[in-house]
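Sharing a structure below in structure tokens format, with a few things to ask.
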Amino acid sequence: MKKIEAVIKPFKLDEVKEALQEIGVQGMTVLEAKGYGRQKGHSELYRGAEYVVDFLPKIKIELVVADDLAPAALEAIQTAARTGKIGDGKIFVSDVIDVVRIRTGESGPQAV
Amino acid sequence: MKKIEAVIKPFKLDEVKEALQEIGVQGMTVLEAKGYGRQKGHSELYRGAEYVVDFLPKIKIELVVADDLAPAALEAIQTAARTGKIGDGKIFVSDVIDVVRIRTGESGPQAV
Amino acid sequence: MKKIEAVIKPFKLDEVKEALQEIGVQGMTVLEAKGYGRQKGHSELYRGAEYVVDFLPKIKIELVVADDLAPAALEAIQTAARTGKIGDGKIFVSDVIDVVRIRTGESGPQAV
Amino acid sequence: MKTWIKFSKVLAASAALLMTAPVVTVAHAAAVTSEAAVSEAAPASEAAPAEAAAAEAPAPALLAHQKPLELDLASSSFVFLSTALVLMMTLPGLALFYGGMVRKKNVIATVTQSVAVSCVAGILWYVVGYSLSFGVADKALFGLPAETVNKFIGGFDTVLLKGVTKDTAFNLAPGLPEMLWISYQMTFAIITPALITGAFAERIKLSGLLLFMALWSVFVYAPICHQVWGGGFMGSMGVLDFAGGAVVHVNSGVAGLVAALFLGRRKGYGTEEMAPNNLIFVMIGAALLFVGWIGFNAGSAWTPDGIGAAALLNTILAALAAALSWKLVEWTIRRKPSLLGILSGLVAGLVAITPAAGFVNPTGALIIGLIAGPVCYVFASWVKKLLGYDDSLDAFGIHGAGGALGAVLTGVFADPAINSLSEGASVGTQIMGLVYTILWSAIGTLVILVICKFTTGLRVSEADEEAGLDSALHDEVHH
Amino acid sequence: MKTWIKFSKVLAASAALLMTAPVVTVAHAAAVTSEAAVSEAAPASEAAPAEAAAAEAPAPALLAHQKPLELDLASSSFVFLSTALVLMMTLPGLALFYGGMVRKKNVIATVTQSVAVSCVAGILWYVVGYSLSFGVADKALFGLPAETVNKFIGGFDTVLLKGVTKDTAFNLAPGLPEMLWISYQMTFAIITPALITGAFAERIKLSGLLLFMALWSVFVYAPICHQVWGGGFMGSMGVLDFAGGAVVHVNSGVAGLVAALFLGRRKGYGTEEMAPNNLIFVMIGAALLFVGWIGFNAGSAWTPDGIGAAALLNTILAALAAALSWKLVEWTIRRKPSLLGILSGLVAGLVAITPAAGFVNPTGALIIGLIAGPVCYVFASWVKKLLGYDDSLDAFGIHGAGGALGAVLTGVFADPAINSLSEGASVGTQIMGLVYTILWSAIGTLVILVICKFTTGLRVSEADEEAGLDSALHDEVHH
Amino acid sequence: MKTWIKFSKVLAASAALLMTAPVVTVAHAAAVTSEAAVSEAAPASEAAPAEAAAAEAPAPALLAHQKPLELDLASSSFVFLSTALVLMMTLPGLALFYGGMVRKKNVIATVTQSVAVSCVAGILWYVVGYSLSFGVADKALFGLPAETVNKFIGGFDTVLLKGVTKDTAFNLAPGLPEMLWISYQMTFAIITPALITGAFAERIKLSGLLLFMALWSVFVYAPICHQVWGGGFMGSMGVLDFAGGAVVHVNSGVAGLVAALFLGRRKGYGTEEMAPNNLIFVMIGAALLFVGWIGFNAGSAWTPDGIGAAALLNTILAALAAALSWKLVEWTIRRKPSLLGILSGLVAGLVAITPAAGFVNPTGALIIGLIAGPVCYVFASWVKKLLGYDDSLDAFGIHGAGGALGAVLTGVFADPAINSLSEGASVGTQIMGLVYTILWSAIGTLVILVICKFTTGLRVSEADEEAGLDSALHDEVHH
């Protein structure tokens, strides 16, 4: 199984979720994050003090899928999350050794 | 070493923490998350607009443990987090190459 | 490529970010977290009820870097985040199979 | 619509009758309180035409609790302000004070309780509460003569505000338009039940809550209000309760304790963390309670005279003193004084000074405040823990204990230099009043709880309690 | 600086003139309303010296809308309080009510709108708004004689508050210092445009907003205010509007609808989640609106007499009744009553009772409230959905619909026992007034929108809307 | 308890004495201000019985600063309202304004400071502050004759409010019960030190803060209050300070600057992000300051007459004008106007109009506001940066600079048509007053800081500062 972690722009979450649903992804976990990258933040000025806001709000999606579903999921995320502008985000893929469904105790691919 | 990531129901956090403590886990990191899965959300209605709340509040626990402690940790989490109802969550296990304790600079298993 | 995950004390974020920038890290993602570990929390007392606050606020940094940059990144984080007091945090390193830059569709090391 | 036009006509007719009656002009307005005895000053030449007018037309049909309005604009302006302030105590004051103290999953439900209780108690005040509180019982009941009944509860003569016009006044406050009086008293009838919600927060059903509050407003609040302020036996007995130490605080505090015991503890009480979700909301709430309480206490003088001013100063001093003393106790015991502590002290001081506000001098007020802090601290922190009941937000620990303390200390510190009524002050009478109030409140509350239990039910399901009342009852989430 | 010293001198001179005029002392103060007819009571002996003084000095040069101040301290105190309360309705009341309802990325922008609109509308009120609203038109315009012009709009005679001194009064309220009157009315001139911001929240440019509001204050608010309250034709026609059902609510609601249609829907409307970011802020806002509304409605009696008291009681009852009825409808339909619902009901009730407050009796008020809940629910939930316009925060659904409903029901429930003006109440006249107000507001708003569109522009760019107005317009973020 | 009963008796006895004294009835009440000279109107026939009564009993033993109360209910009602409003300025107004501006880890500590300072300053006002501020010095001190001492500070004759009864009044405001006067002035004595907390927020120890504030209230606030308002030399000199430009704002602003310099900068100042944690809290705070400031400024007329009305209108106009001008400056310079900016402007305008409120006309007020925005902007944004001190929340940049500006402009714009006292206005006198206030405040503050440094200490440890004061001092966390 593969773990796919994607950092995307917040307002793209709904589209990405739908894209993943369509290709049959059954579950995912979402985290609020802040991203630092090529996309530059703005600077805020408070009462004479200026702060460069380096970190921009991002959403991180994590999903574990069976190996064969991974390419489709990658594709789906990439298409749905792309705006073509800097700051669209990244997708990371890594290996997962095991998955357990807490409710049933099942493990392995059928637990995803 | 193994990294164990568990997505659980928020009110189970205390029980899971205790279960892990008992088997000797010394540290863990907790993140607030939102989960999408088989457990269906409710729909909220605001002034005529209805929103299906797909994402439910979840807690994500991350802990890195020595290889031999992993099965016990898996077991502990599963037992403590289970309610038997849909939405109990998942546990993912993956490999970790290295661990560093920032304070001391130690690395490897003794840094966990 | 390597994924480096570091759990650090919140007020160290700026220093760590700068240290990483200096060695050429181009991007990272930051999450708010709560940590449980050797550093003990305080106890809060509300109207007669005492709560041991086990979980302390932490910041989790995630960055994926090319294999050769990993040691320098580890070093940078460790130096910048260290206060020498208990609770300084941990760094975990793991393998990443693939990286995709959403905007361009590039993948592999050049996508980082 | 036709019915309504008819209705208007009937009203118009009766009003026309009233309006031919002697209308006392602003120039005549007598001050509301006994102090400002201007009657001697009213020149006979002005009284004469009024008598003449009275001769021409039949006198208006006033109810037993009414007097013709002798409009005192200045006092009315003052009571109007006080009404706004007391209204603000419940919404948003209490809603925030309580809403900030529960866990995040119950904020919306807790806040909703204050709003919904306001609706129920306010509307019932119009329907029957005012009549039972300030009306005069004129029918025998259970074989008791009307006069005896009136010692305990008012009558039905002004149900739906029948007989209330823009030219009538409540007989003890002839300078205030009766509708102003009704509004001011309504704000008390609203906040009293709303206070109880603190005791069973985080576990009560909405339907159960509403039924409970409806019954409680009518069968517990109205009688006690009548007994103390509306012509009933506690007032005649000489129980001093300037602004509601017994009527409002002991009453709601005891009801809260009984309800907390009856409903049982929250799931996880004592083991799970139940820290306040937002102390800043608690602060805003407490501060608005503080500001509003001025209207509560000084407003109870019904006019901004020397007594009203004493009540104002006393209220501020007692609140600050109790905040400080709670803080110091906490600083000593816990080493780190909390914001929740200093705010709880503030409210404790306000509660304790309530019965005493217009009877004691500032030094007395300060001392009452200094005592109230530690006493309520002990109740909210230790007694609760010791006895093991779960009074979620300390409705009893602060309002019950603080109110009782204040009622007793009123007997101790009442100063005739501030208020001539203070002469009759006695700790004994105060305690008798307390015991009586506690009994009525406790028994009444218990009976009502039993009724609710077997009709609407009272507690939410375990699953709902676990998920949080916000999503379970309201499908809303506070982030 | 020199100019200023000169200016002071000119003012001083004119003031000196004024001060030799008969100064009516507190003891003479006539009550503000027609009810309190104390004139007969004023002893001739006191009137005499005043006449003598008048003989000695030339009469002050009062403007057509003015009278010499006959200071009524008690009523002034009351109106002063009401001013504070209405000010609080906009800041922080409305700012929070609206700010809590938008998405998190637009909170700061939404709140800023209330503040900025207050600045623009308040300062324009000083510059020209008061003159156009309460001044008397004394010049022909477009060939129409001054008298006809005055039916529609006031004049320029008191622009920049020229002629207003500490000893003048507006002629209908001779007991209140004119500057108090101006302040009180200013708070209405501020909240009315601020209400409109709810209709186009989350998508309007700041510059466009400010231009729109500046023009709207002058060309829509001031004329309608004059027509109803300032001596214009609607007032003479017998349209009853106690505290601004037409002037404030229908006016702003209709403007909101037109603006929402003109600007088009928010990006993602109907598909993306647009849930309120903070219901507790919404609650605080609604509660402060509630408390402040007392000053709005009862304050419109200008004195705390029987009518003011009726307005007070009616306002509270209608609000609570509408909150309850909205809640019950939601409970039935949606199974889970929401906090947003009960609060929306509260505001709907307040809106609906506004035109009726001092004309109906408490029973009428309760019924108006009970009707207002479901009616506004239908507008905010169904009509909006059906017709597909995006009135972001229901400025039309609540203020437009509720205000119109209240205006009509004022005709139904007006009770001469409460207010002698109620005798002339007629549903027909009320509807005529409504239709006229709607037309003026809709057309005026449309013209102004067109002007703004081609000058400052109105909508932010898509990218800015997506990113959120907070960072796009203000470079600030609310966490 | 026994002691207390005795105490009551003593008080009762002295009160009995007082009560036989001539009680002036409502009908006689003279208005508080010089304007409303009703004395001629008081019929001789009514004065007679009072004299008779006086003949029967010995005159009450009034203190030098007292007069017998000639109760003016309308003005009392007004001042009562003003008291509530000013109280609301500190709690929750200032607490939120400051609490929202610090970093999240210091919210609770910052809010706690406002609450705790209220306790200390309020109670000390009762103990000794009122006596030193409004009492009359009757003993020689350091060899100076009592009369000279009284130019600088009041006496100890009314310590613990000795001699204050419900029938006494402060001699300049004989229409208000003295306890009302004490309460109103107490709210000023509370907010002034509370304002200083903005200067050293995020780094001060709680014990150090409390000691500092206790000493500052007594040795800096009370004398300056006495000098300007309580019969001291600045008042006699003709320094115009309507509602506290010098007494409150310059005083606290300068103290803030000195304290900020003395304590040094926050760790990380200039390099770490220190953005406000919650701008909505800042907005609520600023808005409540705005509403409350009406009570502060207009309330300082002590009666709602023409001057009070001018103060009201001026306050609103200046605030809105300054909010707008700050916004426009920011819009120009920074391209994106911030919510924090418009709110800072609002407060700056309120500060600047404070000394001028009842002396200038609305046009003057508007101009003062328009100037105050940019001036305070420059102080809060540039001067602070240039000079490198860390006035965390701009206590000096806004209150110090704005107050000084307003004090000077009072001299420029004072208009005798508004207030006869304006005739004596002079920029020179105003500046002399300012310089004097600045010196007293700066030196006094410095001495007190040194005392605190060597007793309680002032700054928290570096570790505590880093961890945040909330957890370090209060063991509480705001999420």
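As written, the chain order gives the labels A, B, C, D, E and F, with residue 1 at the start of each chain.
To be clear about the criterion, a contact is a pair of C-beta atoms (placed from the backbone, for glycine too) under 8 Å apart; a residue touches a chain by one contact, two chains touch by 3 or more.
In this text the structure is predicted, and so the values were computed from the model without any measurement.
**Q** Shortest hop count from subunit C to subunit D along touching chains?
**A** 1
**Q** Under the touch criterion given at the top, what is the topological distance in steps from subunit B to subunit F?
**A** Minimal hop count between subunit B and subunit F: 2.
**Q** What is the distance in Å between the mean C-alpha positions of subunit B and subunit D?
**A** Going by mean C-alpha positions, subunit B sits 49 Å from subunit D.
**Q** Centre to centre, by mean C-alpha position, how many angstrom separate subunit C and subunit E?
**A** 54
**Q** Pull out every residue in subunit F that's touching 2 or more other chains.
**A** Counting only residues that touch two or more other chains, subunit F contributes 73-74, 77, 81, 273, 278, 284, 334, 338, 340, 475-476.
**Q** Which residues does subunit C have that touch at least 2 chains other than itself?
**A** 31-32, 44-45, 53, 94-95
**Q** Please give the residue numbers of subunit F that touch subunit E in the complex, ascending.
**A** Its residues touching subunit E are 31, 36-38, 40-42, 72-75, 77-78, 81, 85, 277-280, 283-284, 287-288, 290-291, 294-295, 298, 303-310, 312-313, 316-317, 320-321, 323-324, 327, 334, 336-340, 342-343, 346, 361-364, 366, 412-419, 422-423, 427.
**Q** Can you tell me which positions in subunit C touch subunit A when the two form their complex?
**A** The touching residues are 3, 17, 26-32, 64, 94-103, 105, 111-112.
**Q** Tell me, which parts of subunit A touch subunit C in their complex?
**A** Where subunit A meets subunit C, its residues are 2, 6-8, 31-38, 54-55, 58, 60, 74, 77-78, 81-95.
**Q** So in the complex, which bits of subunit F are touching subunit A?
**A** Per the stated touch rule, the residues are 270, 273-276, 334, 338, 340, 344, 380-382, 384-385, 394, 397.
**Q** Subunit E touches which residues of subunit B in the complex?
**A** Touching subunit E from subunit B are residues 44-49, 51, 53.
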